[in-house]
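Labels A, B, C, D and E are assigned to the chains in the order they are written; within every chain, residues are numbered from 1.
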Amino acid sequence: MDAIILLTLTGLGLAALYFLVASGLSLVFGLADVLNFAHGLFLGVGAYATWWAAGNLPGAGPDGLGFVVAVAFGVAAGTLMAVLVELVLIRPLYSRTIEQVLVTVGLSLAGVALLQATWGADARPFPRPEWTRQVTPILGAQVPNGGLLLIVAATLVLGAILAFLRWTRYGLIIRAGVENREMVTALGIDVRKAFTLVFAIGGAAAALAGALGSVYFGTVSPQQGGSLLIFAFIVVVIGGMGSVVGSAYAAVAVGLLQQFVNYYGTSGLGDICVVALLAVVLLLRPQGIAGKVATA
Amino acid sequence: MTEVKSPETAAPPAAVPSELTEEPGRWHRVRPYLPLVALVVALILPYSTLHLPGIFEGALNSPGTLQLLAVCLVFGGLAAGYDLLFGRTGMLSFGHALYFAAGVYGTDILITHAGLPLWQAAPLAIVGGTILAGLIGAVALRTVGIAFAMVTLAFAQVGAILVARDFGGLTGGEEGLPLDVSGVPAGLVGVANTVNLYWLALAYLVVVVFVVHRVSGSPTGRVLAGLRDDERRIGVLGLDPYRFKLVAFTLAGGLAAAGGVVYCLIVGGASPHITSSELTLSLLVMVVLGGPGTRWGPVLGGILYMYLDHRLVSVGSSGAVDALPGFLSRPLSQPLFVLGTVFILAVYFFPGGLAGLASRVALLRDSLRLGSRRQS
Amino acid sequence: GSPQNTASGGGDSAAPVKVGLVYSQSGALASYGKQYIEGFRAGLDFATGGTNKVGDRAIEITEVDDAGDPAKAVSAAKDLIGKGSKIIAGSTASGVALQVAPIAAQNQVLFISGPAATDAVTGANKYTFRSGRQSYQDVVTAKSFIGDPTGKKVVVFAQDGAFGDANEAAVRAVIGGAGANVSAVRAPASATEFTPFASQIKSAKPDLLFVAWAGTTAPAMWQTLDQQGVLTSTTVVTGLDIRASWPTFGAAGSKISFLSHYFDGASDTEAAKAAKAKIPGGTLDLFHPDGFAAAQMVVRAAQEGGDDVEKMISALEGWSFEGVKGTMTIRAEDHALLQPMYQASLTGSGDTFTATAQKALAGDETAPPVQAMKG
Amino acid sequence: MLATRGLTWRIGEVAIVDSVAIDLAPGEFLGVIGPNGAGKTSLFNLITGLRRATEGQVTLDGQDISALPPYRRARLGLGRTFQASSVFGSLSVRENVRLAVQAHRGGSMKLWRRAAADREVAAAADAALHRVGLTHRGTALAGTLAHGEKRKLEIALLLAGEPRVMLLDEPMAGVSAEDVPDLVQVIRSLTGDSGRSVLMVEHHMDVILELADRIAVMHHGALLACDTPETVMANPTVQEAYLGEEL
Amino acid sequence: MPGSRTGQSQSGDDSATEPILTVEELSVRIAGLHILQGVSFTVAPTGVTVLLGRNGVGKTTTLRAVVGLTPRNGEVGGAVRMGAEDLLTRPTHRLVRGGLGYVPEDRCVFAGLTVAENLRLAERRGSTPAYDRVYALFPELDRRSRQRAGSLSGGQQQMLAIGRVLINDNRLLLVDEPTKGLAPKVVTEVAEVLQRVAESVPVLLVEQNLAVVRRLARDAVVLDAGRVAWTGDAKRLLSEAALTKSLLGVGSAEVQH
């Protein structure tokens, strides 16, 4: 029994991590129609910036409020990076989908190599509050606090993104802009600003995922973002492009599936099951669980 | 209108298939012979002791240079084959690496584990890769657009996982599987015979270009070009889009598998790198770098990409880079940094790819000529 | 020119000895590669008495980055061989070592594999040697932690793929062969959440847990094992990786018994002192000895063999020398490199950890079984 | 020739097309009119198979084609144009038509033949282009054509397929006044004595009146009337719901 | 050819008032094609000015150049002024916010958004959206406000495209073939709407339906192959048979309908 509770809760923690990574990706992919392969880089930037801040920024540190400051700095760095990327690299290429994909691929190669050139290829210990290393006993299961932290963070991020889409006009503008940028402009809206904003939010979400993911892993390394990205893509696609709620469902499905299959089945089967789930979902419902058009 | 736009989001930048247009112009006479000239140059290359410092490590006929060129040629062919899918039919597959890998591992396993001679292993691997592409295509083509890209990616991912899992020690897992050369003709083994591998690669490239060219200029090619623009329209004209797409997908898969066979011989083994989705992405980069849907663009793109991929590694470790100040030399010594930067720049400065360069130059020339005429 | 042009070896006696080093300067294993080359330079200096010459022939080193990609390594090796190198060394990654080895055999040049740990390099062919340790030696060292293995329960926790396979097989052969009851828990290398595996291990209640895990997810794995109480409930053995990775063990570090190929302070030989003095930073690490030994072997081969690869091989086979780790012996039958291995413990916190040697095992104590030479 | 029986397409509870029964005799020209949103385009989609009907059948020469995919129906001689021009934007105008000709003549699945060498296809394509007056635009990319030119190209694509039943969805929309008579001429020549039938949606009443043998009126998905032009025009409901007062 | 064909600038009775829009020597090249070759005309501050011409002469290109929507690979030369401000240097969204409404030729409603969302998107900051005006004109839009615009019929989409602009108060409307594809009854309605709109806002209209032109237009500009072929009083253009025939290629009988 406690094995099931443990697997469920840690599976949800994993799902939360996937969702954190996928949410920004989904937003950018679904709304701005950019398949952002550099998302993993944003993750890395967020993680390294947090790591750097905890060691060097006055007021920041690995514990308590200092840690919050460090994470905030990381998120700010990720946001800034995303905004710059949008302004400099993506903006001139709107409506040239493939070129955008390529630029983000190029960027992720170059960016990750740059991280590696600066901080080395090896994993570095990540500063984090002591309590994140401990476990909380829940119904007899020793549930890692890091996982619980991820679950809380993912829930907050989900709420924040939904609120943004529901209560502001930006969701509307962006969805319209993806269909026909020109026409949005012709309605008197500076669509470029809206797209930059989407990137900023995507970057912030990625950076947060990077920082919290590193807390969870205990280390930060240049390749980390990239390895999470493939699952994030799967989550985004299963959930339905652009649907943040869909991504949340998909993340839970993928996280739990992986966790249980890994425990009860043979190793490696978890990954194959996830890929199979993707293929089945796409063949039955090519638009994903929540479909292409969704307000949230 | 009640018809909702098809979700095909990722159609490549449009280019008119050159095979389908009879182009006028002054180059008209010379142009058909240019590829021939290039081929002749490629054929006599191994006889030249010319040394191009900075471009190649050794003389043109040194094994190192020939090996590098052979790898480049294979990827030129691979990119041309991928372009049949992407540039000419508008199908964005993220799993093309799978069929290439099927060729590589197929050959390697058949020779090394099953002990077959090359002349049996190679056709089997190619047929196997083609059938695999046909089967997966039959399923994946039920979806379109990004969904199609993701389904192909998913299948390729399963392939990658299977290779990494190393069932029954068949694939060698992450360490790869060196080729047992006892099943390979002696002429293809050993550094001194690198030139034969070069010729093999060249032959592969020529075959692929010829096939792609023929197919694109054929009635089927015309349908494929139409599919790229508007699939629904093709249906209303009385043609089954699914069948045509499946043909293109299978054919491209077969060409990739053949490339795999050649690559396996050149590299002398298989390693899991080639199953990764990054390979498909780099194929995409090659095609776009060169110019999708053009005859020579993807070939040039593939050759150039592979060349840079290999050469940047040695540039990165060269003394010139070390001499630079730390903030420059450190990133520059990361080949991936340079490669990534190069193709970001390429996307910006060569829109339409290398092949687009020619027409842009022509445009410039025309407008200059027009300008001067107006003045006189 | 001709299409089959390869530079001839350069028989004249004052021509430099060309040595090609193909290893990872970039990519995931770049830091292993860095240690290797530092070690190599120090070793070359040591073995030639600072002259970098064998007799009156200078040793000319060409370094090529393979970025961990066998295809690039093969290209580089062919290029080097084409230009007349009779000796190739390097191979940070096992995949590279396995694919370069046949190239060496096909072209009859000497290949001295580097940090690549795969057992398959040993006995690959008569042209292939190794300057580092192999997985089997790790496992034998691990075995030394449980005394008499008869009837003991041993669990291997390893990642999927060849690295894990090799380790599992070695444990089954070495510890299982000695009477222990071996079972395995395997996890995908891409796994990010380890609770299911930790639970499986815990419920198996082993006497010894052997962990073979490489890559960036290792810290998360250790933390999970720690959180689920695995580390305190049994003896856990794993290999000690490079120094930079030590802090990532965090609190778990002091609860693990380490087997070690090498760390700074594990030995105090002449070679170790020389190496320490020569390398940047002055602190030895995991793969410095591999580079150092490679240089020693290169010098020996050049000295005894001149340009004749067959002679080089017979000069190396059975050769015993004093390396950084102590006495190293190249076993003639399969070119395994017999060398001391260490038991170690880790203490410290934050960013500062120190490893202390608990015990050194001599080369013949950890000798792998003799392989038949394959080619 | 073409007949529908109880053809219905529902989305949820709403019937977009509501048990429509029409009969198209060989050589007949049937005009379809109706307010915007009446379901005319939807009807076309059901007939050509782009949408699956919820209920009812479509028969062609007595054969039930309701279950066939669009391309099978097209091969049986069903051709159509689209309300929103749908041409192959990255191909030249001439290639567009050649593709249509080739699709019709068969032999599209020939991977090893040179397409450009097929003089018959080229000639048929040029003839079709000539008929709609686009010969001078032959080398332009179809995607860059002005709106009216695309409409003409649509018709050329249709002509190239030599269908026996043609469905035209507002062919005149956006065509400049000067060109309307020519296009009317082209469309008229489609039927003639060839025995081909035409189903045409059009809001230009003068065009409809000039061409149609009978007029079907759709309203809220259902067939309101289907009769001779005179009778239909005299129908007060049609007057009120569709024509409104004269401009 | 009649002598009045070329370069005649302004006509009409109240030419005393300043034009709201002045287009001077507008030239557009796209991908090497010289599509507009020096187009000059003005739009009067009241009423409807209609832009006529065969398919492909450059009517749409003209409108798009005015709102700054020439494609990236195009070059624009000449000048377009609204009052004193030069329009060519300003980005589209600024122009539109400044009161330049544009109804594109192919409707361009956002297929994935609902009708209500399409309208909401058109709201401009700082002005109250006139939903009642729109819904009064097109009750259909009110009824279908939750339907996805992509599934609207062609005519309904056209209503939405026009309604979207009318939500705001504009200084000048550019309307490209608004009656294309509309049922006769709706054509009449749209014409009425435009007529009413034109009472308060000047309209530059591209239209093929000559009956509509006759009803609405005060001034006419006829384009031919990228140049202005004629400008003047629309009534005169449509009533003089020779002029109609030579410029529009139709007999005046057809114009009378």
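Going forward, contacts are C-beta pairs under 8 Å (C-beta built on N, C-alpha and C of every residue); 3 or more make two chains touch, one makes a residue touch a chain.
The structure presented is a predicted model; accordingly, all values stated were derived computationally and were not measured.
Visitor: Return the chains shared as contacts by subunit A and subunit C, ordered by label.
Guide: Both subunit A and subunit C are touched by B, going by the contact rule given at the top.
Visitor: From subunit A, how many touching-chain steps at minimum until you land on subunit D?
Guide: So the least number of steps between the two chains is 2.
Visitor: Given the touch definition stated above, what is the smallest step count connecting subunit A to subunit E?
Guide: Minimum step count, subunit A to subunit E: 1.
Visitor: Could you say which chain's mean Cα position falls nearest to the mean Cα position of the entire protein shown?
Guide: Smallest offset from the overall C-alpha mean is found for B.
Visitor: Select the chain at the greatest separation from subunit B, using centres from the mean of Cα atoms.
Guide: E
Visitor: Express in whole angstrom the distance between the two chain centres, defined as the mean CA positions of subunit D and subunit E.
Guide: Chain centroid spacing, subunit D to subunit E, equals 29 Å.
Visitor: CA centre of subunit C versus CA centre of subunit E: separation in Å?
Guide: Here subunit C and subunit E have centroids separated by 77 Å.
Visitor: Can you check how far apart subunit B and subunit C are, centre to centre, with Cα atoms defining each centre and the answer in Å?
Guide: It comes to 36 Å between the two C-alpha centres.
Visitor: Could you grab the centroid distance between subunit B and subunit E? Build each centroid from C-alpha atoms only and quote it in angstrom.
Guide: About 49 Å, centre to centre.
Visitor: Can you list every residue of subunit E that touches 2 or more other chains, as numbers and ranges?
Guide: 111, 153-154
Visitor: For subunit D, which residues are shared contacts with two or more other chains?
Guide: Answer for subunit D, listing residues that touch two or more other chains: 41, 83-84.
Visitor: Spell out, as numbers or ranges, the residues of subunit B touching 2 or more other chains.
Guide: 1-2, 161, 165, 333-336
Visitor: Applying the document's contact rule, which stretches of subunit D touch subunit E when the two form their complex?
Guide: Listed in rising order, the residues are 33-39, 41, 83-84, 144-149, 151-152, 170, 173-181, 203, 205-206, 241-247.
Visitor: Where on subunit A is subunit E touching in the complex?
Guide: Listed in rising order, the residues of subunit A that touch subunit E are 169, 172-173, 175-176, 179-180, 182-191, 292-293.
Visitor: Could you list, by residue number, the parts of subunit E that touch subunit A in their complex?
Guide: Against subunit A, the touching part of subunit E is residues 67, 69, 91-93, 96-97, 102, 104, 108, 110-113, 117-118, 120-122, 124, 148, 164, 168.
Visitor: Going by the contact rule set out above, which residues of subunit E touch subunit D in the complex?
Guide: Residue positions touching the partner: 30-31, 53-57, 60, 105-106, 140, 152-156, 158-159, 177, 180-189, 191, 208-212, 215, 248-250, 254, 257.
Visitor: Once bound in the complex, which stretches of subunit B touch subunit C?
Guide: 46-49, 57-65, 67-68, 71, 161, 164-166, 169, 172-176, 178-179, 181, 189-195, 267-269, 271-273, 310, 313-314, 316-317, 333-336
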